[in-house]
Every structure is written in structure tokens, then in C-alpha cells.
Amino acid sequence: MVTPGPEQADPRTVDLGYARLDVDRVARTGDPEVVYGGGKTPEQVIGTLTALAGRHPERAVLATRLSPDAVQALLQEVPEATVDPVARTAVLGPIPPARGRVAVLSAGTADAPVAAEAAVTIAVYGAAVERIEDVGVAGLHRLLAVRDRLHAFDALVAVAGMEGALPSVVGGLTGVPLVAVPTSTGYGTGAGGLAALMAMLNSCAPGVVVVNVDNGFGAGVHAARVARRSGSAASMPGSGPPL
Amino acid sequence: MVTPGPEQADPRTVDLGYARLDVDRVARTGDPEVVYGGGKTPEQVIGTLTALAGRHPERAVLATRLSPDAVQALLQEVPEATVDPVARTAVLGPIPPARGRVAVLSAGTADAPVAAEAAVTIAVYGAAVERIEDVGVAGLHRLLAVRDRLHAFDALVAVAGMEGALPSVVGGLTGVPLVAVPTSTGYGTGAGGLAALMAMLNSCAPGVVVVNVDNGFGAGVHAARVARRSGSAASMPGSGPPL
Amino acid sequence: MVTPGPEQADPRTVDLGYARLDVDRVARTGDPEVVYGGGKTPEQVIGTLTALAGRHPERAVLATRLSPDAVQALLQEVPEATVDPVARTAVLGPIPPARGRVAVLSAGTADAPVAAEAAVTIAVYGAAVERIEDVGVAGLHRLLAVRDRLHAFDALVAVAGMEGALPSVVGGLTGVPLVAVPTSTGYGTGAGGLAALMAMLNSCAPGVVVVNVDNGFGAGVHAARVARRSGSAASMPGSGPPL
Amino acid sequence: MVTPGPEQADPRTVDLGYARLDVDRVARTGDPEVVYGGGKTPEQVIGTLTALAGRHPERAVLATRLSPDAVQALLQEVPEATVDPVARTAVLGPIPPARGRVAVLSAGTADAPVAAEAAVTIAVYGAAVERIEDVGVAGLHRLLAVRDRLHAFDALVAVAGMEGALPSVVGGLTGVPLVAVPTSTGYGTGAGGLAALMAMLNSCAPGVVVVNVDNGFGAGVHAARVARRSGSAASMPGSGPPL
Amino acid sequence: MVTPGPEQADPRTVDLGYARLDVDRVARTGDPEVVYGGGKTPEQVIGTLTALAGRHPERAVLATRLSPDAVQALLQEVPEATVDPVARTAVLGPIPPARGRVAVLSAGTADAPVAAEAAVTIAVYGAAVERIEDVGVAGLHRLLAVRDRLHAFDALVAVAGMEGALPSVVGGLTGVPLVAVPTSTGYGTGAGGLAALMAMLNSCAPGVVVVNVDNGFGAGVHAARVARRSGSAASMPGSGPPL
Amino acid sequence: MVTPGPEQADPRTVDLGYARLDVDRVARTGDPEVVYGGGKTPEQVIGTLTALAGRHPERAVLATRLSPDAVQALLQEVPEATVDPVARTAVLGPIPPARGRVAVLSAGTADAPVAAEAAVTIAVYGAAVERIEDVGVAGLHRLLAVRDRLHAFDALVAVAGMEGALPSVVGGLTGVPLVAVPTSTGYGTGAGGLAALMAMLNSCAPGVVVVNVDNGFGAGVHAARVARRSGSAASMPGSGPPL
Amino acid sequence: MVTPGPEQADPRTVDLGYARLDVDRVARTGDPEVVYGGGKTPEQVIGTLTALAGRHPERAVLATRLSPDAVQALLQEVPEATVDPVARTAVLGPIPPARGRVAVLSAGTADAPVAAEAAVTIAVYGAAVERIEDVGVAGLHRLLAVRDRLHAFDALVAVAGMEGALPSVVGGLTGVPLVAVPTSTGYGTGAGGLAALMAMLNSCAPGVVVVNVDNGFGAGVHAARVARRSGSAASMPGSGPPL
Amino acid sequence: MVTPGPEQADPRTVDLGYARLDVDRVARTGDPEVVYGGGKTPEQVIGTLTALAGRHPERAVLATRLSPDAVQALLQEVPEATVDPVARTAVLGPIPPARGRVAVLSAGTADAPVAAEAAVTIAVYGAAVERIEDVGVAGLHRLLAVRDRLHAFDALVAVAGMEGALPSVVGGLTGVPLVAVPTSTGYGTGAGGLAALMAMLNSCAPGVVVVNVDNGFGAGVHAARVARRSGSAASMPGSGPPL
């Protein structure tokens, strides 16, 4: 009844039955391949990840938004992958040499998964990354303690839920390009991250740019692209080896 | 205490106890009977579907929004039905000869269930249908590869979640009547499909019309009605036989 | 056709024709009389204000939300009133002796009218008040310069628009009772003050309480009540004389 | 790949691996330590609570938003803690002597958990507290029966869901500082507490301040701070001993 | 180019060129004719009102939502009409004898136009009406002073803006059928009347029914219909003569 | 730590430990006692229902929003109660003699639970009730078939989800007082009943009043109050005996 | 400082200084050129319209959303244009021969401008069009009077504000392809057309498709495309000559 | 009554009476001084701009969001300023040498003011900028014509209203860092730019970052910072001289 169209055969595509992979992205954008794990079964995640890694053996492939079951399956069945249960990510293949440096700042403990997703993404996308945790604005001394170090980075990612004030304060302290990530922590009117998102879009600090709620991956992609263009190759000790 | 009213006996109605069926729709609109499976038990779905099919043996009856349990029950208890677990549909009875052709374009893998529901609906409503998958705007070469074929259809259905940009791009490429379907894929501000819905309602391409989030059925009904009026009877090879 | 009810004669009410004044509030709450000027003509504002002042000659009466026309009319026709064109307020009658001290912090220039309304309200409600302006979080040094002085107040009011981060930062620096006031400055998603309101409701600093957008008056009432109960009578030099 | 930053060693912090505790809050704000239990495992709650209590043996530490599992674990493993299953709180260590008095009024049975959280918070933050339950505005005689007693408190907390009218009525009866807490009871448009929140932000009674939906903790913090500053040390019989 | 359809000639319709009037409503619903003045020019209002009055000389015709210009034009050009500038209404023709009694309660001065529109509507729709003003919940003594009289009415209309608490309190005092009308007074989150509307929809008093923001007309229609069915013909002195 | 207040002893209250019952409502409003079952355990529902029935043996007590577990428990443990699993209600005690008649119209099968809740409520509140099902506007012949009967009722309740058009069409056919009830059926933008609620609030038929989404109980209370005042005692055969 | 890019010279574009016109649309979509008048000065509208008409002398060019000033300017300066002040449109050049027939139904007087815009668009896009006005659902007899004629059209456009019920009722009467257009008439929650839009997206009649609020143009484009493909060339008398 | 605090004297501030200027921003962030003209009188804009330019003679100062009156006043009174009436900006002082290159793409004519604001900002912030206009996705050939040139830039800004699809398509064509700017063009659900904002936040192209509606300034700040770090000093001919 429903006729499959003939246009589906495309040399830039790998067909796994349950998904057709666009393996041309590297050529167009210079970025690695990524598997969005949301809504995929563990089998689909593993199949897609290994297929892409087979096609691009020279460079790490990233899987994000893994379910707990997919995390377990990957740990058992793909031991050569580097799995981060907090970030809900897996990486398969060699991490590229880092070029440029990014700091990922996060406000509170509940923001850790999103910050971790951003950090892993940055490394896979080819920049060095450092985590600076628990610098929420309600305890300002923690942020002020690191303020002088911020200028040395090529890009910053600031992750916060609740009222989302962290990027505004950081953006007033430094002119380094800054990406804000709202998280869906909180309750009541804060549930879903809308309060943090709106705060970041309305930041009084100029030049703050924003991604969708919980989108650590998107922030990491942008920050890594910025850092790669800005930074020197050997800018951070220890960031070269794979995870 | 609560008195049932006397007006309930109606020759245009079949009373199953748990539902009273309007079996007059064909006469009013020329369309087939449909069972909306949302919120119905497998027993109710099967009972309603077979009752309607018994009343209209000459023409396929459609059930949509089937739960996984209803899908299983139908596969076991009504083997003569054609069940599509992705589309969450069942069809019982002969598919009408196709008149006119519709293409269902979808942006990504997550949009497949809604696109499949639209495609099955189109066939049951009497038009030929072709699926064109994975033509999301972030990989424009895939859409451009099929652009010249779009003009040959009598109607188009464009299914997309996330930012819902696909109908705007398609609507700029062709003047074929186009129905846009937002899907509820995504997260954060995109959860629930509101971003895609608003994008489609505000398309810069003139003449794009929209249905509710995930309403592949409604888009299919409209597209089939348009195609049936426009197309010739034998316009697509292979679309005649039942599924 | 429409019959006025007989219950309208009430000794606790003054009827001006266009308004019936509740002159019993002092007895119930200990607070002064207030005229909400929004939607009132200059004549109505002047009539109401002077009627209330005549009824309560021992204590200042406050008018808020004055239109520019009402401000002009008051300046010309009621010279004994103290009119503040920025706060859009007028005060008629003796300011009570101040008891307790409140600081009103504001983030930016655009927040000045709301901060001024709060400050005038606090004085009329019987507490001393100090303005601390332009301490928005994007220039943190300005706020840090006054942080040690904050502990000496009996209550704080923090006024901010845009992303509304100021109360979160202030609330992390001190345990003094703090009222947050979102303002309707800004544009896009920030228009109307919703972003600031949501940020303040979701503050990561514990104990921050919030009033409606632009409600400097309400914040001032609460802060003055808190300060009056906490403070000693002569706590601030110069706050005794009327405005 | 991801380098931990060197700034993490901070004498004002206790690192538990899964959380770094800010143990400096007392010095900055005079308030006790608090563990937000939302999203924490029972093990994390117990570990954090006992670590903080060990650091501050002279003063009670509070845990809020406990899951049912955490409530059970605390009852079994930390018998010296005072656990309130309705309030979803635990308290470990000596309650400070009460200074000032707060009344927590609640509208209906469904508001009890939020009111209880506020009450426990007030006690741990150093003020005496009294519960006044089931005084919703649809049965006004219950509220009127206690109206004369309200003036004797140093602060009031009014907890209500549904239409959230309680604070407006209470705020018209007395000038005592009043914090309104919307709750997420209800259904339809009232689901999530938005109706009550908006009602409280728009109260016609002047000086009503508001916290986030279900935020009994935040209301309790503010009310206790206000009462401690206002009240005398021995103002309420029986509030001295620990829970 | 655009062909007018032949079906437009209808004996139940009067065609004025700029409007076709449905003069059959009386037969279907027993209610008077009404001109919705919103968006109409003074000429259109006068033309429509007089045309309808000419068709129904035995019974008053109502015009609502008049612009200030339409009010002036009616006062000058149709002196036999009864124009209410506050209610923004005009009535032309004899008011029907009143049957049943309705009280219209309003919370504050700003609610007067909506309450007045409800009251005029009730009279034109055939019930007696009494206004009870300024009984907002922040000054409860005013409402309590009239509580015993409420039981004598056949229906109640409660009009309030801001937090919209009035219907909940009234609905707890009496079982008389009660219609709640939110008004668009207020500012910030209260602008547009959404807070009051949501409060009324979520009233804790059972049986409160609601109309759209500022829809005094709709509430009046419902209340008059209820009162006419309930009440006796001569129930209120003085309500018989036309306005 | 938390002191229970002394005002709790009230002769108009029955204290069950987990709830204090307001048993004075009959005196104030003339209505029966009601147990809101949402969020209550089966034990609490049974305890409350039997306690209220014991206090008011002369008149039926109603329980609404029962969970499936509460339905089962009531069927087994309180066999003298009349339990309606679709309406999720239980009634204990004699139904009052019916006075006046109400029709409950519903659009589709999915609206049946809300319509059933309204119908049971109407009977318990003392009016006769008739159900008219499946009269949604997409099959207009079903509604037109009953239109002439509508005028004979004293009040109407119209229940609909999806686009909520039913009350507008019914309201154009008759002048009988009409209460509209939106239901939460549907998906996408219709999820939660907001589309139906907004449609009903904006009905082009004058005099339509609305209750909260799924609030069949509230609509039933209002309709029964209206009908009781309008109707004669023996107006409907068969409505006298208890359910 | 800002460098204009060299890519701007494009043979498919006409550069007027204040606008660059895409004159290639006909080739891509078969549709006429259109000038969106919103935000354009009368001079810009006239300049753009005449430039496009000069480029496409064989076929009418359409201008929409004209300001009152632009309407006046066109009437005076371009007398050969057909200007419709209600529809706010102008047409310059020969209307194409009509193929297929569309009916534009509208609910009330306030919907006339949007219905008129749809009708003019349909004619310019090459289909015959008939207006059917004032068929709102609150006066159902007017719609039922034309129901039998609806089947003869190739497409329908249903325009309605308020609760937007018209498309649901029409969609239940016929299977002709139907486009729904919400209008921004109304007030309170209906202001802006959101209620009507949501109602139409959630229509219980299958196959209803929707455009943005007030988008008569978009609905007309889609309907004309459908009708042109379905209809015969001489299907409606009188629709051939230009306006 | 209101005491000004003593902390206001700050060497990093210039006090103009109506504003206190933070002249320390350059030291903290390396960026130029900026005057936000929204809500400022022409006199205030000129005073602030010239004061800042006097303090920083070596570097251009930027004023944004100028009212038409401020534009006129600047043209007459500060002839040495470069005023852009479309961008609503003024620049006073020497433009810094450009380092790095940014392209500003815009979808339609209505997006020009926001794109122009971004472009001027980029130049003042020290990067070269090129405008690429009218590349909206409904006419894809215009965008495809410039696709190969995109890779040569150091950063991209994509400005679009309506459905906001442009950044998704551009982000699929290149890996250059990309900032998306929604504009408030459109009507109905698109009014205010919310549709475009949501589309951009939910872009299917990875790494797209977003600013507030109409915030061309913010996008320009971020893009210039990125480009300055990436680019070589003499990368674009002609960008050196001041505007």
C-alpha cells in the first residue's frame, strides 16, 4: 500500500534498517559523528555507534542521552567504549588532539549531568576542557575564587538551573565567549527549566548566548568550535590522551 | 437515579454497550469508518473494529492510536487485519482503488510513527502514497535530491519535530498542496511539539496548512481528499492491492 | 432599574461619589491609608488624597501610580504634598518617626521608578530607608563594595529586571530578611517582567520572597512592617523629618 | 580528557565525593545547614546529614524533600534524628531556643505537607511555631474564629492551593508580616499550583509576599528570620525543647 | 470576481448592508436582541439598535461595549435610549416586568464597569437586580455585613479582578447559584485578568461557574435566566418601571 | 516543637485524625456533604464517607474522584453504598426527592466519566437528571434529533473535550440555563483540556457559564441548585427512588 | 565598515533599494506574485506592486495587509488596481480564468476582513470563489440552510473567531477539503485568536487543516491550489472576468 | 526621608545625574562602552554617548535602540557620530582595526533592522562584517548560491523571524560557529518572535546558539568576540576605516 521511494540509495548514507545514518557530516562541518540515544533501544545505540565507528575509525564517535539500560549494555558489550554514566554518554574511537581550552562551570550538584555531557562533547569535538563545579551565585566566594583563571580559556560554558543567574555573573567578570545552558532542575514554576532559560535569554551581561534546556551537547559543540579556532594545539597539559 | 433518554435508538448508530458507533459517516462525507484507539481497551478496539467492518464489508475500516496491548491482541485474534506496529494502526477490509498520489516526507527517525500513521490513513482513504524519509533540513542534500519529483504528486504531507522547518523549505520548492504535521519529539522547550507547531503556523512559505501535534491521521485524511479529487485512477503502480 | 442596596451606609467608609474609602484599615492593620492612582483622573486622586488626609491628619497618606497629569495637578493644586515624579507618588501629612532600617537595592537605571516607589512607601509606613543603586550583577564590584553594610539593615528590598539575578546574589551574602521585586524592563521574552519574576521565585538563595512585577509598593509595605518590629526607634540619623 | 580544576580545595567545603558541602553558610547568614533531599538517594541524604551534623554539633541540621525511601532509611539508621513523614523532613541535633513566634495557617487537608515543611523549618531556624489548619475561605467561620489571635504573632505563613485566596483574606485582617505559599493541589487549570501562585502575587491585600509553589521551606526561612528579629526569647511556652 | 451566494435572503434576517441581523433569537431562546458594540462605529451602533427596536417594539433592545464616541452619539441622537456611560450600554424600548432577583457583588472600584454591564443586562433580560459594591475580601467586614441578605436572592453575580477571591468567599457563605466574573484590572502577572480567571475556575467553593474576563454581559444573561425561572413576578419593589 | 493551636475544638467539625470534617455546610448552603476522594487512601475515603453518613443519616453523602482501589474497597466493605466505577463516585444514604430536571449532554465516549460524575452529583443534590450521550457537533444529526426536548429541562450541562464546541451549538438552540464542562480528552495542544476550556469561555452563544476542566461535580452542583429552584417536585417519573 | 557581499546580483531578483523582489516564484510554484503590505509605506507598496506587475503583465499581482493610508494612495495613484478596503487588498493585472470552485464561510461580521482576504486571494490564485457569511454556530439554521450546497465545491474555507466552532460543524457535514482560519476577534482569553486556533487544531471533525490567526491569505492559497487541481475550467458562471 | 547611601562615589563610575556610567568594562572584558538607548531621551543619549567617548577617545563608543527622535538629534547635534537609522545605532570615535570576519545572514526585509544592529555591533567590537540579505528558506536558491562562501568566515549570525528556520539550514551547511537571532516580525502566534525563538532553541543542527528576540546587539558581541580570537588582523579588505 505504501510504496518506498527509489531515492533512498545515497552514498552518503548507511542504512541499518531502523535508521539511515548521514555519514557525510564530517565533510560538511568538520565535526564528528554523533548518535542521539534518546528513544533508542540499547541494541540500536550499540548498532549505530559501532557502525559509525567502523566508518570513521580515525576519530571518536559520540553517543548521548543514553538510557540506564543502554549504559549497562555498552559497559558489557562494547568494553572499548568510554562510558560516562553521569553524562549518559559513550565515546568510541580515538579522541582528537585538543586545540583550544574550554571551561565548563556549573552552579550546583543537580547540574552535574548536563555539565558532564557538555564536557565530554567538547573533548570529542577536539578541544581541551576543565570542569569548575559548585560555583552557584548563592555562595559567591566560590566563583570569585576562580575569576582570575577564567580569562585564560578560549570559551566558557555556564550550566545552571533554578534562577539561572550564573551566566550573568560570569559574563560580567570576563569577555571570553560564553554559552549558557539552562537545566531542568527545580520544582513549581522552575520545573522544566523555563525560569533558567528565560533568565539566560535576558541576561544583563552582553554577549551571552543560550541553548535549549539541558542541551549540554549543543553548548559543547559551539564552545569546542570556538575554542578550536582560537586556541593553540598544545594549550593544556594532559588533554591529549583519549578518555 | 439517572434516567437514560429515549432518543438513543437511531438507525444510523450501532450500540456496543461501551460505545455507540456513527455508521452514517460514509453517507455524509464519503470517507471510511475509523476507530480512535486512544484510551480504549484491546477488547473495545477489536469489538468496534469488527463491528464496523461487518457493517461495511465492501471497504477497509481503520483503527489508529493502538496501544501495544491492542497491537498484540489484534495480531493474535484478528489475523485478517493488517497491523502496523510503528504506525500503531490496523486495517480491516479491502483497501479502495487508489486515486491520486500523495508523498509523505519526514525529517528524522523519531518522526516515523506519525509519518506512518499518515501514510496508512492515506491508503485507506483512497489515494496512493509514497514515503520519503530522513529529509530533515540539517542535511539539505537529501531533500534537494528529491525536489524534482515533488511536483508529480497531488498532495504532500511534511512531518517534522524539533524546529519544524521542513514544511517551509518544501513549500518554497513546489506549489503542490502541502499539509504540515508537527511531532512531539524533542526535549526542553521542544517537548510536546509546541515549537514545531508554532514554526509551521508561521511558515514563510505561502499556503502551508497545519494539523495538531502528532496528528498524522488528520493530515492523511485531508491529503487523501485532495488527491482523490485531483488524481487519475491509475496514477501509481502497485497501490491498488490491499496492504 | 438597578436598585442600590441599603447596606452601603457604613461608619468605616467615606463616600466620594466616585469611590467609597475604607478608613478603617489603620485600626485593622496599623498601616497608613493609601490611594492607588492607577486608572484615576487627577481630580479623583486629589479628592481622595485630601479626603483621607483630612480624616487622618496625624499621619501621612500615600498616593501611588500617579499619571504624569496627576503629578502635575498635585504639584500645582496641593503644594503641601511631597510629590516624587520618578516614584510616581505623593505624600500628604507628617511622616511617622522611623523605626527600623531598610535598604532598597536596585540593579540598573531602568529599575529606579520601582525602587523609588518602594523607598517612599517604606518611609510612609514608618521605617528608615536607604537607596543603593546600580548594583546589578553584571558589574559585581559595585555590589561587593557594599556587602558588609547589608548586615546592619533590618530588611532588604532588591529590585531588578532583565534576568532578575540580584536577589539571589544578595541572598547568598546575608541572612537579613529580603524581598525581591521584578521589574518590567527589557524586551522580547523579558518584556513584562516574567523572566525576572520566575528567576526570583526560583532563587537558589533560601528565604527570598517575591512580589508582583513592578510592585514596589507591596515590597515596601512588607519590608517596613518587618523593620518596624525589628528595629529601634532612633536607628538612622536624618530619617525622622518628613520628606 | 576532562581535567578537574585545582581550585576545588576550599576550607569552607566538605567533599563527600557525591557532593561538596558549603559549611560556611552559618557564618555568612546565621542560618543552619540544610540538605535538599530532592533527587538524592537515601545513602546520600544520610551521609550528607550526618556529615553536616558532625561539623555543627551545637545546632540542628535540616533535611527536606525526603523520598519515602529516605524517610524509612533515616528512621532505621539514624534513630536520633526527628523524622516527619508528612513534612518529608528530618532534623538532627538540638533545636535552638525559640525567639519570636510564627503561625502557619493552611487552607485544606491537601496543604498539610507544605505547611508541615514550613513549620519544621521555622523551628530549626530558631522561632516558635503554631499550626492553624483547615481555615480555607470556603468555610469562613473557621478563620474568623482565630482572627483575634493572629495579631499576637511576629510573622504569618499562609499555605493554600486551589484558588489561593487565604492570604488575601488573612492580609486584610491583620498587619503582621505575611508570607503566602501556593501549593500544587488541584486539577485542570489548577494543576501545578499556577492558579494559586498568580492569585497570591495579585493579592488585593497590601504587603503579601510570595514564594514558589510548594516552597514551605523558603517561606519558613523568611518567617523565622523576621520573627527572630522581632520577638522576645521566651515568648511561647513549650517551644524550647527539641522536637 | 467574488460571487455572493444566493442563500442570503432569509426571513429571519434584517440586512443593513454593514450587518445582517438575526431577528429570530427571541423565538429560539426567549431572550431580547442585543447589539455587540465592540468594533462598531457610532453610526453602525445607532443603525443596528434602532432597526432591532423597530422590529421588536414591545421589548427593550440592549447595546453593549459602546465606545465613548458611541455613547456621545446615542445621547445626542437617540434621546429615548437609556445610556449608561460606566456600563458602556444603551437600552431602547420597555424593560420587561422583573421576575426573580439577582444581586451583583463587586470587589473594588475598578470592577464597577463590568458589574454595571451585568446589572443592566439582568434588567433587560427580565430580572430585578441589586448592586452590592466594594465588598472585596481584603476588607471582610463589608462582605460579612451583607451575608445574611444573600440568601434572599435567586442568583448572585460576583465580579472581581486582582486575585479573584470574592466568589470563593461568597460561595462558602450561601448556596444561591453563583456566577463569577473575572475582570482585567491589575498589572504585572495580573494584567488581562488571567489570575482572577484561574482563581475562579479553581474555587474551593463548590458550584461556582465562570465566564470570560470582563464578560459582565454573559454573567448577566445566565443569572437572569436562572432568576426568571426561580422567582415570583413581583419580588422586588421598584424594579418594574423601565430604566 | 510545633505547637497545635487551641482553637481546633469546634462543634461544627468532626476530627478523624487524618481529616477534620466541616459538618456545617448543610446549614450554610443547603447542600449535602461531599468527600473529595482525590489523594485519599481507600481507608480514608471509607472512614470519611461513613462518618459523614452517620452524622447525616437522613440524606445521601457523596464521594467523588475515587481511585480504582477505593472503588474496589467500597464495593467490598460498604455494600450499602451505590458505587459508579465510570463516574468514580459513591453515594451513601437516601437520595433526596428530585425537584426540577437537568439534562447532561456529552459529545463523545471519552467524555462519559465527567458526564457521569455530573449526573450523580445532580441526583444527590436533589434534582432529576437525564443523560444524552454522543451528541458531538461532528455528527450534528444526533444533536438536532433531541433539540426540541431541550426546552423542557430546568438546566443543561454540556460536556465536551477536543475543541469544546458543543455548548456553543446547544446555547444557540435554547435559552435554558447552560453549564459547560471542558474535559481533558485529546492530545497535542488539546492535552489537558485547555482548548476546550478556552472555547467554552469564548462561546459565541450568550450566557454559557463554565467550570474547570473535568469538573463534572462543580457543574452538577450549580445545575442542581438552579433546577431545584425552578422545578416542580414531581417533574420526572422514576427519579424519586435512591440509586 | 559593513561590506555588502558580491552575491547580491541575481537574475531572479529585482532590486528596488528598499526591497529585493523574488520574481522567480511563478517558475517554482505556479503561483502569482504577492506583496505583503504589513510594515510597508504606501510608496513602497505602490512601487513594489507596479514593479511586479510590470514584470508579469500577463497575470494579476496581489497586495495584502494594506494600511488605510496605502489603500487611499492606491485608489488615487493606481486607478487601474482593484482595491478592497475591507480585505485590505489590491489587485493589479488580469485575473486568471477560474478553475475549480471554493466557498468561504464566515461565522460573524467581525470575521469579514479575513474572509474577504481569503476570497480575493482565491480569485487571484485562479479559482472561483463564493462568500457565505454569518453562518456562526450559535444560529445553526443559517448554516443548515446551505449545507446541501457545500458538497458542490472543490474546497472550503471556514473563518471564525471567538470559540472557533464553525469548522468542526462544517467538517461533520461534508467531506470536501476544508481549511480553518481562526480570527483575532474577541476579548479576554479570546483576544488574539488563541482560543479559536486551539479549537480548530483540536477539531473532532477529521481532516480539518488550520492556518495562523487571521491568515486569510494562506488559507486562500491552499484552497485555490486544491480547487485548481480538482475543478473543471468553466465551473462557475461569472468568475472569469477580472474584478 | 530617603537617605542616599555613602558608597556611591566610585572611581570606576561617571555620574551624569540621570545615570551613573560603569567605565570599567573595558578593563574587565576588553569590550567597548555601549549606551542602551531604549527608554532614554535624546538628551540623555547624547549626554551619555559624549561622556563615554570623552573618557575613551581612543576607541568607538556605541549607542543602540535609538528612538527616531534620538536619531534626529544625533544627526544634528553630534555630526561627528555615524548614525544608522535602520539599525537605530550611533557610533562615536574610531572603529578598531578589524580582526576576524563575521557574516550576518538575514531571511527577509523585515529582519533588516536587527541584522543591521548586529553588523554595526560587530564592527565596533573589532571584527570585519559582511551582510548577506534575503536568504530566507522559502527561496532556497538564494542561500545555496552563497553556501560555499560561508566556510571562509570566523563566525556567522543568522537573523530570521516567522518560523525561524534559517539557522537550522545554515547550521547543516557549515561548521562555522553560528549565532541565531529571532526577530519579532509576523502576526498571530508569530507576534513577538516566540515562534522563531522556539524554533532556534530546538534546531536540529547541532551547535546553534541563540539570543533573545531582536537582540542583534547581543549576537554581534558574541560573534565579534569569537571572530577576534579566531581571525587574522587583515583578513578583510576595506574593514579598517571607520564607518
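Observations on the model:
In order of appearance the chains are A, B, C, D, E, F, G and H, and numbering begins at 1 in each one.
Here, a residue touches a chain if its C-beta (ideal position, glycine included) is under 8 Å from a C-beta of that chain, and two chains touch if they have at least 3 such contacts.
Only a predicted model underlies this, so the values are computations on that prediction, with no experimental measurement involved.
Contacts with chain F and chain G are shared by B, E.
Contact with chain E and chain G alike is made by F.
Looking for a copy of the F-G interface in E-G, A-C or A-D, one arrives at A-C, which has over half of the same contact pairs by residue number.
For chain pairs B-G and A-B, the one joined by more C-beta pairs in contact is B-G. Mean C-alpha positions place chain C and chain E at a centre distance of 36 Å. In whole angstrom, the spacing between the mean C-alpha positions of chain B and chain D is 51. Each chain gets a centre from the mean of its Cα atoms; for chain D and chain E, those two points are 45 Å apart. Rounded to whole angstrom, the centroid-to-centroid distance between chain B and chain C, based on C-alpha atoms, equals 58 Å. For chain E, residues that reach two or more other chains under the stated contact definition are 139, 172-173, 188-190, 194, 197, 201-202, 212. Chains that are in contact with each other form these pairs: A-B, A-C, A-D, A-H, B-F, B-G, B-H, C-D, C-E, C-H, D-E, D-F, E-F, E-G, F-G, G-H. For chain D in complex with chain E, the touching residues are 107-108, 136-140, 162-165, 168-169, 171-173, 186, 188-190, 194-196, 198-205.
Listing the residues of chain D that touch chain A in their complex gives 1-5, 7-8, 10, 12-13, 18-20, 22, 24-25, 38-39, 182, 184, 192-194, 197, 212-215.
Residues 28-31, 34, 154, 172-179, 197, 201-202, 206-212, 217-219, 221-222, 225-226, 229-230 of chain F are the ones touching chain E in the complex.
Chain B meets chain A in the complex at residues 95, 103, 109-110, 116, 119-120, 123, 128-134, 139, 141-142, 145-146, 149, 185, 187-191, 236, 238-239, 241-243.
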